[in-house]
Each structure stands twice: as C-alpha cells, then as structure tokens.
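Next, two complexes with chain A in common: one pairs it with chain B, the other with chain C.
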Partner chain A sequence: MKAILRKYVVRIGLATFVFFSLAPIMYLILLAFLPQSSFISNESVFVELRNGLTLKNFSAAVTHTQFAKRAMISVQMTVLVVAIIAVLGLPAAHAVARLPKIVRERVAFSFLSVRMLPGVAICLPVFWLFNRPGLVPGWLSLGFLHLGFNLPVLIWLSVPIFRSVPVQLEEAALVDGLSRWRILVCVVLPLVSRRLLGVVLIIALLIWNESLFSTIFRVDTVTEVIPSLITHRGVQWGLVMAVGTMVVIPALALLCGVIYCRWGLEEWEH
Partner chain B sequence: MKQASVLTIMPSALVVLAVVLGPFLVLAWQSTRDLNYFEQRNSFVGTDNYVRLAQDEAFLSSVAVTVKYAVAASIIPVIVGLSASVALYSAPWGGRIAPLLLAPFLVAPIVVAMVFALLLDGQLGLAPRFLAALGVSDPENIVGHGRRVFWSLVAIDTWQWYGVFAYVFYARMKRVPLLFQEMVVVSGGGALRKLRDVWIPAMLPVVAAVTVFKVIWSLGDAERIDALTAGGGPHGAMRVFSIWMERQYFRYADFGYGAAAGILFYFIALVGIGVFILLLRTRRELS
Partner chain C sequence: MSVLRAEALTKRFGNTTAVQDVSCDVQDGEMFVVLGHSGSGKTTTLRLIAGLETPDSGDVFFDEKRATDQPANQRDIAFMFQSPALLPNRTVSQNIAYPLLCQDRSWLGLLLCRLSKDHTETVKQWASRLSITSLLQRYPATLSGGESQRVALARALAKGSRILLLDEPLGNVDVRLRDTLRKEFLNVRNLMRKNGGGAIVYVTHDQLDALMLADRMAVMKEGQIMQIGSPQQIYNDPQNLFTAIFVGIPEINVVPGSIRLQTNSATIDLLSGLIEVELQGTQWRTVCEDRQTVHVAIRPDKIQLANEGQGNARLLARHDLGDHHHLILGIGDHELRATCVQRPSLQVGQSVVFSVESTDLMVFDVETEQRIL
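Right after this comes the complex of A and B.
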C-alpha cells in the first residue's frame, strides 16, 4: 500500500514538474498563432481561441522586423564567437584542469569572478569608449564583449570534464614522445569531445539568446527587436510572440544537441 | 609542463583581461572624476563620487534589492531543483523525463520576460484571474505591486533554472553507488542515517557549487527585470543595480557617478561571494 502510494506521489510530482516547465513555452507558441485582435479585447486569451488560429503574426514579423537579416547576423555572431571561444578556451581549460588542486580552484574561480561584474558595468564603459561614429562598429564591440564574457563560463564548465580523463593516460602519451598539443588533440579530446561539444552548445545558446548587450550597441540580432515592439500605444503581442517562437526554435535544436552530448551527467566539481 | 600550461592559459586570460579589465580600468578612472556628458563637465574629484554613493539611498536600496533578489533567486531554484531531482531519482524512468525539465533554460531572457509580462498582465493575463479566484484583493495589480513583482520575478527565475539544477543533481545522485545505501541498511541505519552518511556528503559540494554559480549569475540579471517592470517597477522597488547604473549612464549621463557605483558593486559582490566560499570550505574541513 505504501509502495503504491509512493509511486503515485512520485508520478504526480513529476507530472507537475513537467507541466510547470513546459506550459509557459506552449503558451508562447500558442499565442504566436492568435490574431492581433485577441490581444485587444478584455477576454482571456483562451476565450479568444474561438476566433481560430492564424499565421499572420509570423508573416508580419518576418516583413516588419526584417527577421531574415537579423537571423543571419545572429547566426554569424554566434558561430564566430563560439569558434574563437572554443579554440582559446578548451586548451586553457585543459591546462587549468592539470594544475595542482589549490591553484586550479583559484584559477577557475578567478575566471568565474569576472561574471560578478554585472554585464551592464562592463558594457557601458566600452560603449562610452568605442561607440563613436567611424571608430569601432557596434557588432565588433558586441563580439568582443560576448567573447570576454563567455570564455570564463566555458573554462569553468569544461575543467571538470577534462579532470575526468585519467592523468596517467597523458603521462603515458608523454613517455611515448607526443607533444602537448598532440596529447590534447589525439588523446584527450577524442575521449571527452562529446561532452565538450555540449558545453560549446550551451555557450552558443547563451550568445544566441542574449539581448542586453545587443540592445545597448544597437546590433540587429534576433532578440534585439523585441524591446522595440513595446510601443507607446501598447505592446504588439502577436508580433512579440511570433518573434519569440522563431527565436526559441533554433534554441530548441541547440538544447537537443546539449542533451545528446550528455552534458552535466558527469562530475561537476573542480 | 608548468611553463607550457601557463602559455596555454595566457591567451584566454589576456582576452578576458582585455574585455573585462579594460572596461574596469575605464570605470575606475571615470569614478574619480565628475564626468557628465550632457553638462560637459569633466574634472578630477577624487573620492567624492564614493562619498556621495554612501549617502545615496537610491543606490543603497538598489544594492539591497539586487542582493535580496540574487539570494532568493538562487536558493529557491536550488531547493525546487533538489526536490525535482529526488522525484526523478525515485522513478525508474527518471532519466527520460530529466531533459524535458531543461526546456525553460533555452528560452531567451527577453522572450521569457514578454511571455510572463502577458501572463501577469492586469487585463489579458491568467495570473490576475487566478488571484481573483483565490479572493486576493486588487488582483489586477501584480507588476505595479512591489512585493508581488519581486516574488513573481523569483518565480520566473525558478521556472527558468530549476530544471538545469534538477538535471545536474539527478546526475550526481545516479552516480552514488547503491552499495553505500546498502551499507547503511545492513548496519541497521534508517532513512535519517542514509541522509546524513550518504546523501548530504554526496550532494553538498555540487549543491554549493551550483548555488555560488547562480548567485553570481543573478547579480548581473537585468534583461528580464527591466522588460517586465518597465525599468524598475513601482517606486523603483525592482530597480536592481544593473538597471540603476544604466539609468545613471543613459538618462542622467552621469558617467563618473555610475562608474563609481560599478566599482563599489563589484567589490561588494566579490567580498560577499568570497566569504560565502570560505564558509563552505571551512565547513567541509570541519566535517
């Protein structure tokens, strides 16, 4: 009896958690298909479902916000920054992982402590310095900020992954006369490449979703358009939800990648 | 080996230093000056900005709100995440459900803000209807109500992060050998001893790491709060530090003053988090 009760408590609990997680996303996607008139009336949006669904928000979002151009900029920015972060950060994380414990913890923490300075506090001096006509284009400042701000996160997340590779393996390779780079590329990376890819995808997700920096530097990314849809005459909810849905779908693909890479399922300590 | 590792870490360290220390030094320089773009003032004032900050109630309350928010928005998602991970662990098919809980994490903060802005909206939203059904007075007013908007934001943050934590905690629980639990049972211990001897030692390091990470992350939170409260909520009740500083820059163009605040905030955060980590470390050594 107790076992059955326990089973049902667990099931109901899990169902509640899954519902709690997914309901707002479903709500977002559902709203993207509602006609704009639904957001003007005083009725609940669920009552407005009787008016039927429409694709108008999406076509309006694509033309009105130049979504294709923005998507292009966002993709380029994300891919470029993530590539640089991976090339710089992964060897560094590997080196950090092989430091003695106390040094390792301190180095990892110093990298992470960078995030303690709020993004705005970093961003505004850069804006003040570089954002003058003809000096540095906004996208370059934005790219550098993304680089400096996410590199520490990558290092912090991948140190534990490198730590999971036995150091003896590397020592054996060293005895065999392999150089440090060969050891990293031919011995260590193949063992942990999948989980590291998970970390890289997380960084890509963070950059794709970021909107504060791109709003300040006025770079036309996909998320930057959303604040501009809040107008004096009210919010263009239909457009907001359509853009939101189009931003979420590639992120969903990235998340599937993260899950496939089994990120987070192994050691997490430094 | 030592030299080589320094050489490998150096490029990343330099990039981070350039992107972060550069602006930091600019902030430090600006903070000693009376620098106002609109009024074309630019003169050295030493520590005047800092003295002014110490008496500025708007600044102090923004720091207080930020800290309160960062702590609440870390502890609550961690607790909810822990309970979700226990539920996942109790079900044999928990591993298949766990990835679903990651879904909220993939939604861009600004999109999250808009979805919840609509949910909390006085006329269109579901939340006011729910509050009205519960018999709460003035149910339409959520975003304009200081306490309600604070806890709404904590709830939104919980929604977005608890799944990540549940996923990480669940993975850690799965890696605790069953043998440990069996040893407690064989030696005649109950659920309480299992908790003390198996679960707490296994989970404490990862829970602590995740909490520290989340506190740091939340201190800089701005996008969602800004979009949801239209720049800080009723009477600046949710004017967290980032929003406050942005206003100093863009509304008042008071660069020197804003910069001093940025420097001060960084050190408050650094000291706070350092103390927290030291406490955790001594606890671990004592036990």
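Right after this comes the complex of A and C.
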C-alpha cells in the first residue's frame, strides 16, 4: 500500500516538474502562431485559438528584424568563442586536474569566482574602456567578454571529467615516451571526448542565450533584438513570440545535445 | 657493470620523508627485489628511478650516466604499474603495441592505433611468450586480473627497454596465479640475460616474491634501506632486528636475553632465566659485556623438539600444513613459534621438551636493534 502510494506521489511530483519546466516554452511557441489581433483582445488564449493559427508573425519577424543576418552573427560568435574557449580551457583544465588536491580546489574555485560578479558591473567599465569610437569593434569586445566569463566555467566543469581518468594511464603513456601534449590529445581526450563535448555544448548554450552584453555593445545577435521590439507604440507581441521561438529552438537542440553527452556512456564503455 | 645505480636518493612529501638516503646498485642481468611494508617508500623509490617523481637530493645513473634531470619520457625504461593501467578504449594488441606507436612519433598513428606489420609481429611474439594470444582482440574490461597483468607485462616488455621496473606486479592477482606469473618473471629475466643484458627492479610487499625471484634484494623500512643482499644472506644473516622479523614464515621468535660471562665459559639466559644456553667460541668476550641484556632471535625451525633439552614447554596450538606443523609453545608467560615435520602424536596441552643450539641464536642490541652476533 505504502509502496503504491509512494509510486503515485513520485509520479505526480515528476509530472508537476515537467509541466512547470515545459509550460512556458509551449506557451511561447503557441503564442507565436496567433495573429497580432489576438494580443489586443481580452479573451483568453484558448478562445483566440478558434481564429486559427498563422505564420505571419514569423515572416514579419524575419523581414523586420533581419533575422537571417542576426542568426549568422550569433552562430559565428558562438562557434568562434566556443572554439577558442575549448582550445584554451581544456589543456588548462587537464593541468588543474593533476594539481595536488588543496591547490586544485583553490585554483578551480578562484576561476569560477569570476562568474560570481554581476555581469553588468563588469560589462560597463569594459564598455567604457573598449568602446570609445573606433577603438575596438563591438563584436570583438563582446567576444572577449564571452571568453572571459565562460572560460572559467568550462575549466570548472572539465576538471572532474579529467580527474576520472586514472593517473596511471597518463604515467604509463609518459614512460612510453609521450610528451604532455600528446598524452592530452592522444590518450586522455579520446577517453572522455563525449563528456567534454557535453561541457562544450553547455558553454555554447550560455553564449547563445546571452543578451545583456550584446545589447550594451550593440552587436546584432538574435537575443539582442527582443528588447528593441518593445517600442514607444507598444510591444509587438507577435514578433516577440516569433523571435523568441526561433531563438529557443536551437537552444533546446543544444540542451538535448548536452543531455545526450552527459548521460550517455563513452564509446568504449559499451 | 652496474646498469642502474641510485645514490643517496631522498624524497619528501610535505613533512613526511618518503625516501631517505637510499642507495643501491643493480648489476647487469640482475633481478633486484625491493621488499617492504606498504608506506615503506619502496614504490616512491621506483618512481624516482623512473623519473615519475623528482628527488629532493641524490642521483640516478643509467649505465653510469647521470639521468637525474632526464624527464620520464626520455628515459629508456619500462614501467609496470600495480593496477594494470591499460587503455580501456583500445584492444589488447593495441595496448601492447602502444609503446611502439609512441616511438613512431606520429599523432595520427596514436589516435587511430593502426598497427603496422612489424608491430603486429612484435605483439604476436610477446603474446605467445606470455600465452595471451587468444586475448589479442579483446578489450581490457573483459579480462581477469591475471590476464590484465600479463597484458601489462607484455606492454612493458614490448618497449624493448633494458631496464624494467615492476611496481607490485602481483598485487591484484589471486594467489593461485601468482606462482605461474612468478615463473613468467623468471623467464623474462633469463630472456633478458640471453638478449644482451639489462636489469629488473621488482617492488613487492610479499616476501615469497622476494625470496623466490631475487638475485639480490633490499629490505626497506620507513624510507630507508635496512639491508641489501641475496635472499640467502637476508634470511640467514639479517643485520638488524627488522629484517630478521620481516623475512621468514612463520615469524622469527624474539625473546629477551641476558649474557653472563665467566672465566672459562659464556652463557645466555633466555626468557628471564627459563632457558640457559651455553655459548660456543670466544668472540662473545669482545663484543658483549657481562650482564648485558640483548634481544635474541631464533628461527622457528631451529627450535627442535627432543627427548631432553634446555626447555620445558606446553604445546598451546598445532596448525597442520600437510607435511609439517606450525607449533606454538608456551613457556612461562611467553609463546614460542616452532615448526616440525609431521608428528601426529603431538597433542595440544601436552608438555614438550625442546633444545636450542647456540649457533642458531642471533643476538641484537636492545637499543640500536643492530646485530651483535
């Protein structure tokens, strides 16, 4: 009896969790297909659904916000910064992982502490420093900020993954005659490539989602456009929902990638 | 000629001194065994020789050339770890060939792990020598402990280094397999002698390994070498109490004794006067004082049950080990370990008489625990 009760309580809990996680996203996507008129009416959304769904918001969003160009910029920014972070951060994390315990924990924490400051407080002085007319282009400043804020996160998340590789494997390779770089690339990375890919995807997600910095530096990313749709003539709800949907879907795809990488086994573990 | 020489190696980790002033010299064609309890610094010594740790002071020489500053990946050594340290994402044959792939110096070769014909040939040779040919296509996770150790040994041997360092290679292997693997190590040593020499350093906490395999051995305690010598020397002629107690099964008896010198003779009282042994020879006068208290050690097999002798004891326990017994004799408040060949008539509780020859006694100083005679 108790067991059955427990089973149902757990199920109800899980269902509530899933509902609260997914409902906002579902609602966003649903609203994106409603005609502009629905946003002014006082009826509930479900009444408005009777008027039928439309793709007009999307076509308007694509033309009015230059969405294709923005998507290009966002993708370029994300891919480039993530690549640089991975190249710099993975060797650093590997090195930190092999430090003595106390040093390792302190170093890793001091890396992460960069993340504990309010972004806007750092961002504005940097803006003042970099963005005097013609000094540094906005996209470059933004790239540097992303780099600075996310490199520590990558290191923090990768250290335990590198630590899961037995140190004897590396020592054996060292005695076999390999240099530290070769040990990292040829011995360690193939062992944990999947989990590390999961970390890299998390960083990509953080950069893709970020909107504050790109607004301040006026870089035309996909997230930067949403605040600009709040105009003096009112909020263009249809466009906001459509752009929101188009930004959320790649993020969801990345999220699925993260889950796949972190929950799955490495290729050799099967 | 010495293939490998360590000179006054010292290594500290924080406040603890793991290895202190360790010097040893391994000759060509020799299997040198380092024996010690866990934490005695034997593994650290091996890692210092391999270059996996840097000594705080002291030097390592290979073929009389100083190698202390050489990084591990430039030393011509092979190292076998206590845990097999096989790459889980590579097959057994790829693992064995790994040192060869490393020597090719190609990034792609290492990542893809494709074996050339030469490599396959070498792998097959070692595999058939260590009888693991049937395992070559398997992955390490599917191997038993003994199989993994063989593969790890094959990998160490495939490198073709003259110096082979083995860190507790039988640590994770069950007792039955140990004998077969010990034979394997002896074969490897013989092969090494035939193929132009080299040296093997074998670290273990198991005295059976040491006594069976060593050409020479070192006994370590708390980071220091207590004694170096052949297994026979170590067993028959221990220079200090620690070595005497550590080596030998069952453990040696250590009893308090006191020396009495008279004008024409010398005797030693054991167990506060319960046994008295007359001492032969005259050397006692020169090294001992009258009434000096000492530790006296007697190997269990030197305590002989007899019809008449110096000691009367009660038999407290009898452990039967096939062709011989381990006995525990009670005498006063003390217990003595003894061994004897099969004698089923011995009953626990009965009184027995035993004798001790004065030449079988080893006498140690009470304070320094060094051998006096």
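A few remarks follow.
One rule holds in what follows: the second predicted complex is superposed on the first by the 262 of 270 C-alpha atoms of A that agree within 3 Å, B and C clash if a C-alpha of one lies under 4 Å from a C-alpha of the other, contacts with A are read in each partner's own complex, and residues count from 1 in each chain.
One rule holds for everything that comes next: a contact is a pair of C-beta atoms (placed from the backbone, for glycine too) under 8 Å apart; a residue touches a chain by one contact, two chains touch by 3 or more.
All values reported here derive from a predicted model rather than from experimental measurement.
With chain A as the common reference for superposition, the partners chain B and chain C occupy compatible, non-clashing space. Contact with chain C, but none with chain B, is seen for A:Asp176 once the two complexes are overlaid on the shared chain. In the superposed model, A:Leu31 lies in contact with chain B only, and not with chain C. Once chain A of one complex is fitted onto chain A of the other, the partner contacts of A:Leu124 are limited to chain B, with no touch recorded for chain C. Contact with chain C, but none with chain B, is seen for A:Leu191 once the two complexes are overlaid on the shared chain. Taking the C-alpha centre of chain A as the apex, the lines running to the C-alpha centres of chain B and chain C meet at 90 degrees, rounded to a multiple of 10. When the shared chain is aligned, no partner comes close enough to touch A:Val75: not chain B, not chain C. Among chain B and chain C, the chain that touches a larger number of residues in chain A is B. When the two structures are aligned on the shared chain, A:Pro166 is found in touch with chain C, with no touch to chain B.
The gap separating chain B from chain C at its narrowest, counted between C-alpha atoms of the superposed chains, is 9 angstrom. The residues of chain A shared by its contacts with chain B and with chain C are 266, 268-269.
Every residue of chain A that touches chain C in the complex is listed here, in rising order: 166, 168-169, 171-179, 182, 185-187, 190-191, 266-269.
Across the complex, chain A is touched by residues 1, 4-6, 8-9, 11-13, 15-16, 18-20, 22-24, 26-27, 30, 83-84, 87-88, 90-91, 94, 97, 99-112, 114-119, 123-124, 126, 129, 159, 163-164, 166-168, 171-172, 174-175, 205-206, 209-210, 213, 216-217, 219-220, 222-223, 227, 241-243, 245-246, 249, 255, 258-259, 262, 265-266, 269-270, 273, 277 of chain B.
Taken together, the chain C residues at the contact with chain A in this complex read 50, 52, 72-75, 77-79, 81, 83, 85, 87-89, 98-99, 102-103, 107, 110-111, 139, 155, 159. Touching chain B in their complex are the following residues of chain A: 6, 10-11, 13-14, 17-18, 20-22, 24-25, 27-28, 31, 39, 42, 44-45, 88-89, 91-92, 94-96, 98-99, 107, 109, 111-129, 144-145, 147-149, 151-152, 155-156, 180, 205, 208-212, 223, 226-227, 230, 235, 237, 240-241, 243-244, 247-248, 251-252, 254-255, 258-259, 264-266, 268-270.
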